[in-house]
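To start, the structure under review is shown below, and the notes come after it.
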Amino acid sequence: MILELKNLCIDYGRFRAVHELSLQFEGGAIGLLGPNGAGKSTMIRTVLGLLKPSSGEGKILGLDLRRDSVEIRRRVGYMCERDSYPPHLNAVQWLTLLGEISGLPERAARERAHECLWFAGLEEARYREVENFSVGMKQRVKLAAALVHGPELVFLDEPTNGLDPAGRRQMLDLCKSLHEKHGIHTILASHLLPDVEFVCSQVMVLFKGRLQAFGPIADLKRSEKKAYVVRATGSMERFVGALRERGAVATEPDRKGSIVEPPVGAGPEFIFETARSIETSVLEFSIFQRSLEDVFMESLRAGEAMGQVIRKAMDAPPVIRTAGEVK
Amino acid sequence: MNSITTPIALFVRREIPSKQMVILTLACLLPSVIFVILRMFGAGSTFFEKEGAALFFEAAIPLVPIFYSVAAFHEEFEQRTIVYLLTRPPSRTAYVVAKFLTAWFCSILSIGIGVTTLAVLSMWSRPDFLSHYIFVLGMMFVSITLSTAVYTGIFLIFGMVLKYPVVSGLIYTAGWEKLVALVPGKLQPWTISLYSKSIFIVATDAEPQDFFPEAFKIDSGAGKVAGMFLGGNTDMPIPGVARSAATLVILAGLLLVASIMLFREREDV
Amino acid sequence: MNHAESLKNGSADGSVKIPNATVDIAGLSKWFGDVVAVTNVTFQIGPGVTGLLGPNGAGKSTLFKCMTGLSAPSTGSVRLLGRDAGREPDVFKETGICPDVDRFYEEMRGVEFITWLARLHGFDKKTARAAAERSIERVGMTEVMNKKFGAMSKGMRQRMKFAQSIVHDPRVLFLDEPLNGMDPLARHATVELIDKLGREGKTVVVSSHILHEVDAMANRILLLVNGRILAEGSVREIREAIRTRPHRVALTTRTPRPVAQQLLNVDGTLGIVFEAADRLLIDTSSPDVLLGWITNEAAEARIQVDELALTDENLESIFEMLVG
Amino acid sequence: MPIYDLTYRGWRGQRTRVPGWFPILEHSIKISFRNKMLKGAYIVGVLPSFGVCIFLYFANQQIASRRMPISREQVVDISRQLFDLPQYQIILYIQGILAMVVAALIGGAGISSDRRSNALETIFSRAVTRNQYLLGRFLGVVTLVLGATLIPGFFIWLADLLFSADEYRLEATLAYPARIAIWAVEFSVSSTLLVLAFSALIKRAWLGTAAFVVFLLVTFFFINALASAMRRASDGAWEFVRGFSFFDAQFRVQAWILGIPRTKLDTHVSLTSALIWVVALAVLSVFVLYRKVRPIEVVS
C-alpha cells in the first residue's frame, strides 16, 4: 500500500480544508483532480509532512504522516508548480545540493545529479545556470530535481505548465515512463485532463476537501448507454436529420460530431447504411464513452447542483503560499 | 486634462495608505521625537534651526524621494504591471507627468508633515516661535518643494534606466553628494544639496558652520564618521536664493522632459 | 520544413486579404540587437476568434507586443483598427489586452483595481464601478471581487486579468495564454466566454499552448514559427494545403487481415500499418474514396467497424506535422 | 559485449547520517567563494591587518635599534605604549566593520534570494526542517564573518608577539587570543543575525543589504544627534542613549570583552544599554527569521 488515509481532516484555523478523507492507493500512476481550492495542495503538503493533520490517520510508503515527516520527505519526490531554483547555480550544483539535503553522500549526489539531468534530457545544458534556461528546460530541471534522491513516489504538480505542444508531449512521455519503465509511483496534479489521461491509469477527484471519485479511469469512463460518436463528411445537419428520420436518437452535432443511439435491435451497420443512403461517408466513428471531463464534471455535480458548485467552488478557501512565493 | 488627473488620482490612491508612506512619514517625524526627548531634559531650544534642520536637509530631503520615485516606475517595470497602464487610452507623457507629480507630492507630504510637526512642537520651548520663524519656515518649504522636485526627477530616471535604482540612489545622495561636500573647490555647485541648503541658510541669515553644529562631532571612533558626513563642509559657496531657486526649477524641468523622452522610447515591457 | 513549400510562405505579397480586418500587419519585422524575433510578417485578422500558435521562442510574445503598441516595430506597419497603437493610444478605448503577467497592484482589491482601469478609459466613477462589476460577473468572479489580489489563487487572478481586459467592452481583444493556471471548471467557462465574444463579432486574438482548447474556440489559426507565419487559415484549410503528407485513417476492426487485403485494392491507398492487433493505420491520398469504401462495406456488414478516425485532421497533428 | 542500461536508475544506497543543515552550510560557503566579487571583498577585508603586522615589524625594529639597557618594567611599558589593547580594539573594530560588509554582501542575498526565487519550496520538500535550514544558512554566514575577524586578530597577535623586542610580551598578552576569539564570536553572531533578519524581511536581493546599511546609518545618525543634543542637558542619560546605536554599542561591548578599563576608553557609551541593545537586536532577529521563513503560509 503506497498511500493509505483514514478519516484524515486538515484545518487551517477554523477552515476545514480536507474533510474525513479516506483512500487506499495501491501504486501506479494516479491523477489528482479538482478545482482550485478543492484541497489538492493541502493534501500534497500534508502527505509531504509539511502540514499536520488535525485528526485521522495516514500512512505513506508505510510511514506515519505525523511521526515520520522527515523520513517521508527523504523517500518522496516533489515537483512544485512554480519555478524553484536559487540564482547563480548551474543545474548540476542545484541538484547535488538537493541530493545531499536528502541524505545522499556527496559523491552519490553528484552522480545522481548527472544521471537525472540525462534522464530529463538536459545533458547538454547541465553546466549552465538554471536562470538562463528556457521555460521547457526549467520544467525539466524541476523534474530531475524531484528524482535526484531516488524517491519511490513522486508528486508532480502541473508539470506541463507553460510548455509548448512539442515540449508538453516530451514531458508527458517522461512522466509516463516514471511509472511504466522505472517503477516510481506517480501522483500527478493537473488541470489539463488530457495530460492526466495520458499519464495515469487511475484518478481521484477532490472537491471541497472531499473525495468525489476514485478509481481506474477506464472504469469511470465506462457508460451504460449503447451509443456511438459519429461524424460524417458533408453536412452534419443533414446526416443527423436522416438518422433521426430512420428512428435513431442523435444529439445536435458539435465539433466532435454527434452522439447516436441506433434504434432498438440495430447494430452499428445501421449508421453506415444511413450514411450511404444520403450519399455521404462516415468520417469518424467510435463507441460512446464518457470523456474524463464528463467524469470530472459529474463527480462535482454529485455533491451539489452545478450552478451552486461553480459559485461555491470559490467561497473563500484560504490561499496557501509556500515559503518562497512573492506576491 | 482628465487623462492626467485620473492617473494621478490612481497613483495617489495607491500611495497614500501604503506601508511605504507610513514608514517614511514616521521616519520624518523622528526629529520631532528627538526634540520631545530633549525638551524633557530641558534642552533643545535651538534644535529646530540647528540639528533639526541638518537632519532634514542632510537626510530627509535627499533620501525620501528615492523611495517614492523608484517605486513609481521601476517596480511597475519589474513586476510588469506597467502593461495595464500602457494599454489604456492616456498617453505615455501623461503617465510620466502623473507619476512625477505623485512622487513629488508624496515626498513633500512626508517631509512637510515632519517639518510642520517639529515647528509646532518648537512653540513648547519658545511660544513666539511661529511668529518669529514664519519666514524661515516658509523658505524651508520653498526649499523642500523645489529640491524634492529635482530629486524626484533624478530618481525617476534612475528607476527607468538602472537595474538597482535604490542602491544607486543611495550611492548618489549618501555617497557622491556627501563626498563632494567634503572636497573644497569647484565641485560643489554640481550637487543639488548645495542649492537646497543655500535657500535655508540665506533665509536664516546664518553661517554654514552654525547650520552644521559641532554637536555631531562626538568623541568616539564611530562618532567621528558622523562628523565627517554632517559637519565637514564649512567653506561651501552660498548662492543667493533667487539663483538657487532658479537652478532647481530649471533642473526639475529638464529632468521631467528627459524622463518623458526616455519613457516614450522605452519598449521592453 | 519539407511541407513548407506546399504552403504559401509568409511574405508580404501572398497573404490572405480579409474583409473588414481590424488588425492589419504589413511587412512587420522586429529585432533587438542581434536577436531577430519576428521577420517580415504580413497578415490580417478580422472579427471572430483567431488562435495564435507557435512553439516557445517563435516570436509570439513579440508579435503581441507589436500588435498592441507596447513595442515599436523595427520595420513594417501595424494598424490596429486603422490606427497606430504606439502613437495613438486612443485606440485602446476599443482594444482590450490580457497580458501573460501574473502581477497586479497586490494591495488593491479586485473590483477596485478594475474600476480604476476603467476610469482610465474616461468613465466617471459610477459608470466605471458598474462596468467593473459587469465584467467581473462575466468571468464569474463576483463572489471574490472584494478580495485583495495578494489573497487570490492563480486561477482567480487569471480571471480577474481577463475581466480587466473586457471592462470597456472592446471591439478587439488580445488574450495571451488566458487559460493558464485555471482549473477545468474555469477553463470550460472561459472557453465558452471567448467563443461567445467571437460570435458577438469581436476580434479576439488568443494564444495558447493547449491545442485542443484552441481547437474548441478558434475558427482561424495563425501558426508562427521562427518569427515567420508558417500557416494561416482554418484547421481544415491548413490540412488540405499540406499535400506532401498522405491522409491517415485509423480503423479498428475484429478482422484486420482480410480487411487489409481488400484495402490494398482501394484507389489511393499508399500503405497500411498494423498499429495493434486489431487496429490498422491506412495512409491514403484520397480519403474520400477510402471512407466511401469503408462506409459501403460496413453498411453491407461485410466488415465490422469498431472505431474509425481521421487521425490527422486536428490541430495537434497538424502542429506536429508542421512544427515537429 | 553487454549493452548497459544508461537510463534512469533508482537509488537505494545507504543514506548518510549528516544532519540537514550541513549541506546548506557547505553550500552557502561554496557559493560565496564562487562569486568573484565576494571573494575579492573577503580578501580585501582581511588585508588591513596585514598592513598592521608590517607596521608592527618596522616599529619594533626601530625600538630595538635604539634600545638601551633598561629595567623590565620599562621594556614592558615601551611595548605597551607602542601597541596594546586600545590599538587592538581600533584595528579589530575596523576589521569588524569590513567583516560586516562581507556579511551584508553574503547574508543579505541569502534568504531573500531563496525566498524570491521560490527555491525554498523545493528545499522544504526535502528532508530538512525549518530549524535546520535556518541553522545552515546562519552558520554559513557566521563561519565567513568569523574568519574575517578571527584571522586578522590572531595574525596581529602573532605579529605583536614575534616582532616585539620585548621578551616578556607573551606573558603580558597571554589572555588576548581568548578575548579576541570571544569578541569575534559575539560580533559575528550578532551582525549575522541582523543581516539575515533583514534578508528575510525584504525579498529583493540587494534591497535587503541596502536596508541593513540604511538601518545602521539611520540609527547611528539619529541616536548620535539625539545624544549630542542631550549632552548639554544631562550627563548620564546621553551615554545611555548612545548605546542604542549599533555601531557604538558594538564598540562598547568590544571594549568590555577585550578588557579595556573605562578610564582608558575614548568613548562615552553606557555598557548596560549597549548590552541590552545587542541582545535585543539578536532576539528580535531570531524572531523575525522564525516569522518570515516558513514552509507554508496561509493567507486570508
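We call the chains A, B, C and D, going by the order they appear; numbering starts again at 1 in every chain.
Just so we're on the same page, a residue touches a chain if its C-beta (ideal position, glycine included) is under 8 Å from a C-beta of that chain, and two chains touch if they have at least 3 such contacts.
All values derive from a computational prediction rather than experimental measurement.
*Asks:* How many hops, at fewest, get you from subunit A to subunit B via touching chains?
*Replies:* Minimum number of steps from subunit A to subunit B: 2.
*Asks:* With centres defined as the mean of C-alpha atoms, identify the chain lying farthest from subunit C.
*Replies:* D
*Asks:* So what's the Cα centroid distance for subunit C and subunit D, whole Å?
*Replies:* 58
*Asks:* Counting in whole Å, what is the centre-to-centre distance of subunit B and subunit C, each centre being its mean C-alpha position?
*Replies:* Computed value for the inter-centroid distance: 51 Å.
*Asks:* Report the inter-chain centroid distance for subunit B and subunit D in whole angstrom, where each centroid is the mean of the CA atoms.
*Replies:* Roughly 34 Å, centre to centre.
*Asks:* If you average the CA atoms of subunit A and of subunit D, how many Å lie between those two points?
*Replies:* 50
*Asks:* Which subunit D residues sit where two or more other chains touch them?
*Replies:* 299-300
*Asks:* Check each residue of subunit B and list the ones that touch at least two other chains.
*Replies:* Answer for subunit B, listing residues that touch two or more other chains: there are none.
*Asks:* Two-or-more-chain contact residues of subunit C, please, as numbers and ranges.
*Replies:* 147, 150-151
*Asks:* Touching subunit B in the complex: which residues of subunit D?
*Replies:* Interface residues on subunit D, with respect to subunit B: 90, 93, 206-207, 209-210, 213-214, 217-218, 220-222, 224-234, 237, 242, 245, 247-248, 251, 266-269.
*Asks:* Along subunit A, where are the residues that touch subunit C in the complex?
*Replies:* 33-38, 134-136, 161-168, 191-194, 233, 255, 267-269, 272-273, 275-276, 280-287, 293, 296-297, 300, 309-311, 313-316, 319, 327
*Asks:* Note which residues of subunit C are touching subunit A in the complex, please.
*Replies:* Spelled out, the residues of subunit C in touch with subunit A are 54-57, 106, 140-141, 143-144, 147, 149-156, 180-189, 209-212, 215-216, 288, 291-292, 294-296, 298-301, 304-310, 316, 319-320, 323-324.
*Asks:* In their complex, what parts of subunit B are in touch with subunit D?
*Replies:* 27, 30, 34, 37-38, 41-44, 47, 51, 54-55, 59, 164, 166-167, 170, 174, 215-216, 218-223, 225-226, 229-230
*Asks:* Mind pulling up the subunit D residues that touch subunit A in the complex?
*Replies:* 6-16, 18, 20, 23-24, 26-27, 31, 34-35, 113-129, 203, 205, 293-300
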